[in-house]
Amino acid sequence: MPNKVKVAILGATGAVGQRFVQLLEGHPWFEVTALTGSDRTVGGTYGDGVRWVLPGSVPEYVRDLPVLPTAPGFDAQLAFSALPTDVAKEAEPALAAAGVAICSNASSHRMWPDVPLLIPEVNPDHTGLIAAQRRSRGWTGFIVTNPNCTSTGVTIALRALHNAFGVEKGVLVSMQAVSGAGYPGVASLDTLDNVVPYIGGEEEKFAAEPCKMLGTLNGDSTAVDFLPAVFSTHTNRVPVLDGHLVVVSLGLTRAASPEAAAAALTAFEAPAVVQGLPSTPARVIEVRTEPDRPQPRRDRDTGKGMTTVVGRIRPDPLFTLRMAILSHNTIRGAAGGAILNGELLVRQGFLG
Amino acid sequence: MPNKVKVAILGATGAVGQRFVQLLEGHPWFEVTALTGSDRTVGGTYGDGVRWVLPGSVPEYVRDLPVLPTAPGFDAQLAFSALPTDVAKEAEPALAAAGVAICSNASSHRMWPDVPLLIPEVNPDHTGLIAAQRRSRGWTGFIVTNPNCTSTGVTIALRALHNAFGVEKGVLVSMQAVSGAGYPGVASLDTLDNVVPYIGGEEEKFAAEPCKMLGTLNGDSTAVDFLPAVFSTHTNRVPVLDGHLVVVSLGLTRAASPEAAAAALTAFEAPAVVQGLPSTPARVIEVRTEPDRPQPRRDRDTGKGMTTVVGRIRPDPLFTLRMAILSHNTIRGAAGGAILNGELLVRQGFLG
Amino acid sequence: MPNKVKVAILGATGAVGQRFVQLLEGHPWFEVTALTGSDRTVGGTYGDGVRWVLPGSVPEYVRDLPVLPTAPGFDAQLAFSALPTDVAKEAEPALAAAGVAICSNASSHRMWPDVPLLIPEVNPDHTGLIAAQRRSRGWTGFIVTNPNCTSTGVTIALRALHNAFGVEKGVLVSMQAVSGAGYPGVASLDTLDNVVPYIGGEEEKFAAEPCKMLGTLNGDSTAVDFLPAVFSTHTNRVPVLDGHLVVVSLGLTRAASPEAAAAALTAFEAPAVVQGLPSTPARVIEVRTEPDRPQPRRDRDTGKGMTTVVGRIRPDPLFTLRMAILSHNTIRGAAGGAILNGELLVRQGFLG
Amino acid sequence: MPNKVKVAILGATGAVGQRFVQLLEGHPWFEVTALTGSDRTVGGTYGDGVRWVLPGSVPEYVRDLPVLPTAPGFDAQLAFSALPTDVAKEAEPALAAAGVAICSNASSHRMWPDVPLLIPEVNPDHTGLIAAQRRSRGWTGFIVTNPNCTSTGVTIALRALHNAFGVEKGVLVSMQAVSGAGYPGVASLDTLDNVVPYIGGEEEKFAAEPCKMLGTLNGDSTAVDFLPAVFSTHTNRVPVLDGHLVVVSLGLTRAASPEAAAAALTAFEAPAVVQGLPSTPARVIEVRTEPDRPQPRRDRDTGKGMTTVVGRIRPDPLFTLRMAILSHNTIRGAAGGAILNGELLVRQGFLG
């Protein structure tokens, strides 16, 4: 790829923005040419404005870039958005109208009927909504979104199980890392020696998003027919830095032994259009057979944080199967997922 | 009560044994006259043999007591057992045969048909098994057990809901404190920045024990007819010191709004025979209405650790209701629960 | 005490304010008649305005009290101040001018020459500054302060050692709990699996405050002659909820064996005027002899959080002695310390 | 290097042994040909015998290797020892007598006069002791040791400062990660919400080892003349996974401003013989200028865990300078340090 795609990072100084900065360093297809931030930081350099919270230091390649306002005018075709929901609500449509292709991590537009909620390994064809989105809104750019960090890993595992056995229902209980709330995010006084059994708005997203992603494009590619599965969700905050662990009791359409489920999960491959993208993991799903895995700290970095790790697959006395699913929330479930979406868009020809 | 009942603590040097020592200090009905320990500690004083892991120091009243072997011969009518399972398997029957009444926290005999698995507020009539137990085994003493720390709080809440609406099924997911594993127990390398989605043998106990406790004595009081409910259980270890939090999706026989469930839980009272016992909490169940409670650290000490705290009661799209249930695992779920069992036995006349 | 002293809590909704509310419940001498808060909360009730972060619930006795502005006009003689530094700077002098006696936890006026920096067991005579303070400033009320939470326990231990051996210098290294930073305070992303070797402004206070408290009132009671000791301080934030642990290498004027130091610390008693105050601990200092104590979680509640716990006393190859000193930072080092100051003022006749 | 040196890992199943396995995967100079373990594991494969506690999984390359007894007979010239102290005491001399070159992480022989206590960047010439060691003991192999994990980073920083300004004394206070104690090591009940101000035997090592490493070979290369510096040490265990943080107050021979010290630390380079070894970090020491760094989680992986990170350099009111020093305890301070020692021995011609 001789000419890299110029990309912007919207909301680059926040915790997810920093992950974009980190993961895009040396990216083979993308070149970061614009960083946007809040009023406090606009006008200075990124190095001066950011309070770097990831390990190590601000990467050299962005240190001297100016922080720009989040508005049309920067030199980039594609924008990765780490904007807060309320900012995204206004800014992303304005940018899409001005011709920018947006891969957004914000929840603001995920449930718009004509906006793809996209995981390349799960529903790459949902980018078929983009044409209708542009047409009806009169945009020259467009918006594509990645799901909530909790939905991500679960939906990938459900895709493999749905293909093999049909997914009908489930009780899904998350134990989520603090990095999911950004920085400063969760107070130490709330997490030390504690669990908080509540994350505002999360249970609703976690129940609905998998149904959109596992759904099918309608006949004229203007909307998605949701999978009619029902999920009972519980979301909890635990004292873990990165990695959302979800334990599930699943009801499947067809009988499935733990061995058959493990085989289906292990055999699951990314669709052809997704294979070989720079951020596609070698293994989409890894099944662990130890009795006590996956664990957030020990398994979150599998496949550079892009692999979904499943374990403890066992029969369920109420439904069909129980299991535990782990996914890195700020890589696979946020910045890494959005970047993979961007790569898919390039391959599918949506960028020039 | 002019003459206190003489009590022994079996396995007094371990983590649960220490809780017994702490909770029995100044008890109005019980006087600790014997402490037993492992070979390593037998022969010395308790103060020398114990590695005290609770806050503060070894209470004065036990410091100079000799550590005895766990075998018949000590001067106590009633014994609280904090023995490890394998030791309890041999030692408790031997002591019961020798005339000792045992309130055991060990899992060894919980599922014996003629052994009460007892929570005073839930099934005080199950002590009706004691006569058959003595008769068939030829014992002059007897064994009564309290449930697993994870089952305890959930069963108390289920008792109230079962009375009001009927309990048929549920998915029960625990987030358990490290103190449940004793000392040294869980390694720091397993808990810091981590969750372990597995506790050996725990899911089976957690699925079965509530059904025994919510069951009914059979006609001739020789066994319990289990409640035919089905529970899908998941047990997880989280970086919390004390307090087991369980989130549940429950299927009830009759419709129940969150408000009606909250009312039933709040109105639940200990049966008359349990009221006014020294360790009976003022409120058996406390319902919290904040969106983010109960939390282990902030709610575990409610009612001196003997109250079950319920919150987040909300409708469930699959079954009837979702909620979160918290119980102090080493007080209500272990030593405190066993002591309350002992108090019930005194009131019911089983001790002299 | 038939007529309780009416007291206000300034900044009552913050983390330290909540500790005041908790510790003043049922206080034998004080009756809380006024609570002040920020603009956001003024006008509503305390129960509505506070986000309670301590264990359990908002105490009943304050739930329906109105939140008042932090300004003259409330009905209380004595005010306990949990105000932020910048607010305290303006508000406390205004209230003192209006006749209110203030026991402040804020750092704003600690180093004013005519303001007592007070620990009753250490320097109860420093209240002798109050007359000069009133005279020169024309106030009918006055300000008394308690030290920084890190200085507190160390200064108490130093008082005992200084009396016995003379204190000349020391290297003081703190490992401080997150509650010292209030709520929300320290971000989880900064404390999980981490230590932050910096707390803004803390090292300077920690080096200077002990010298003021261990100093002596000058001849005309208008200022304090500081103890000419030199302290090299390091302050670190560790993942602990409550309890500041400080390890020290101390240079004393006279030779002191570990045994002699332990004896001097254990024998240290509160001056007569401090004995029997409601919040004076039974033991001012407790010396532990186990090799691995004091520890924050296991020792912070000694003496209801008002006792200073010292351990690991051993020779120092550079100076005289090494040891570890623990003090509960939000009880002894903040609210509890200020309340004890208020009690001393009552006994010394400064309140009516 | 066409023919790799065959190396053994002694005590390969423990926590440090696992780090050796991890760091030696794909090493350009070394090929792991033998793994030894305890009686429990000998006879089986490494994959079966190890309870892998590092992130991810047992590396493929060792999974099927047999676990051997720790005794002469394996096919390797060089052995990296992760043996427990008591085992090392017997086994290492036996192996050295049998011709094996040993790079040991155990403390057993560090203070033997004729055994190098070696950090390549600090004292590469101390391998000059090997000839005398072999001669006097009649060994064909030899023992070289790396220091205690706490001594390592501090000694590297002291080397740079000693070269520039002379080091005379210091108060050194560590906050150490739990991985330093191996697995299972420190109990969760000891670390959650806690600090333990004691690590058995550690303070003595931490005070003595830097003096040996900063000392000079005597005239006939039979022993080291220690640096006559005096250190007052305090060692504490904090709830951190990896990375030992040490804060120091240092007395230097010559005046040193913080800027001059920072310059000396930054300019410090490995001696020529150490440059370009596979594990030599690009930067031996990195100085950070933010007020709140270094922090264990954010800085421990600098230079793949081999760089020492220094920050908070500021004047000291008692001695010369204060600063904070961070080093990865299981990489630089254990397995990585020993491997670098092995590389130095190869370059210096001690291995064939």
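Just so it is clear, A, B, C and D label the chains in written order, and each chain counts residues from 1 on its own.
In the analysis below, contacts are C-beta pairs under 8 Å (C-beta built on N, C-alpha and C of every residue); 3 or more make two chains touch, one makes a residue touch a chain.
These numbers come from a predicted model, not from an experiment.
Trainee: Since chain A and chain D are copies that touch, just let me know if over half of their interface numbering is common to both, same, or not, different.
Mentor: same
Trainee: Given the two chain pairs C-D and B-C, which is bridged by the higher number of C-beta pairs in contact?
Mentor: By the number of C-beta pairs in contact, the winner is C-D.
Trainee: Using the average of all C-alpha atoms in each chain as its centre, how far is it in Å between chain B and chain D?
Mentor: About 47 Å separates the centre of chain B from that of chain D.
Trainee: Averaged over CA atoms, how far is the centre of chain B from the centre of chain C? Could you give it in whole Å?
Mentor: 40
Trainee: Go ahead and note the Å separation of the Cα centroids belonging to chain C and chain D.
Mentor: Distance between chain centres, rounded to whole Å: 42 Å.
Trainee: Multi-chain contacts only, two chains or more: what residues does chain D have there?
Mentor: Answer for chain D, listing residues that touch two or more other chains: 190, 192-193, 239-241, 297-298.
Trainee: Which bits of chain B are touching chain D when the two form their complex?
Mentor: 15, 53, 178-179, 183-193, 239-241
Trainee: Please give the residue numbers of chain D that touch chain C in the complex, ascending.
Mentor: Residues 169, 171, 173, 175, 190, 192-198, 200, 207, 230-232, 234, 236, 238-241, 245, 247, 249, 291-298, 311-312, 316-319, 322, 324 of chain D touch chain C in their complex.
Trainee: For chain C, which residues are in contact with chain B within the complex?
Mentor: Against chain B, the touching part of chain C is residues 54-56, 192-193, 241, 297-302.
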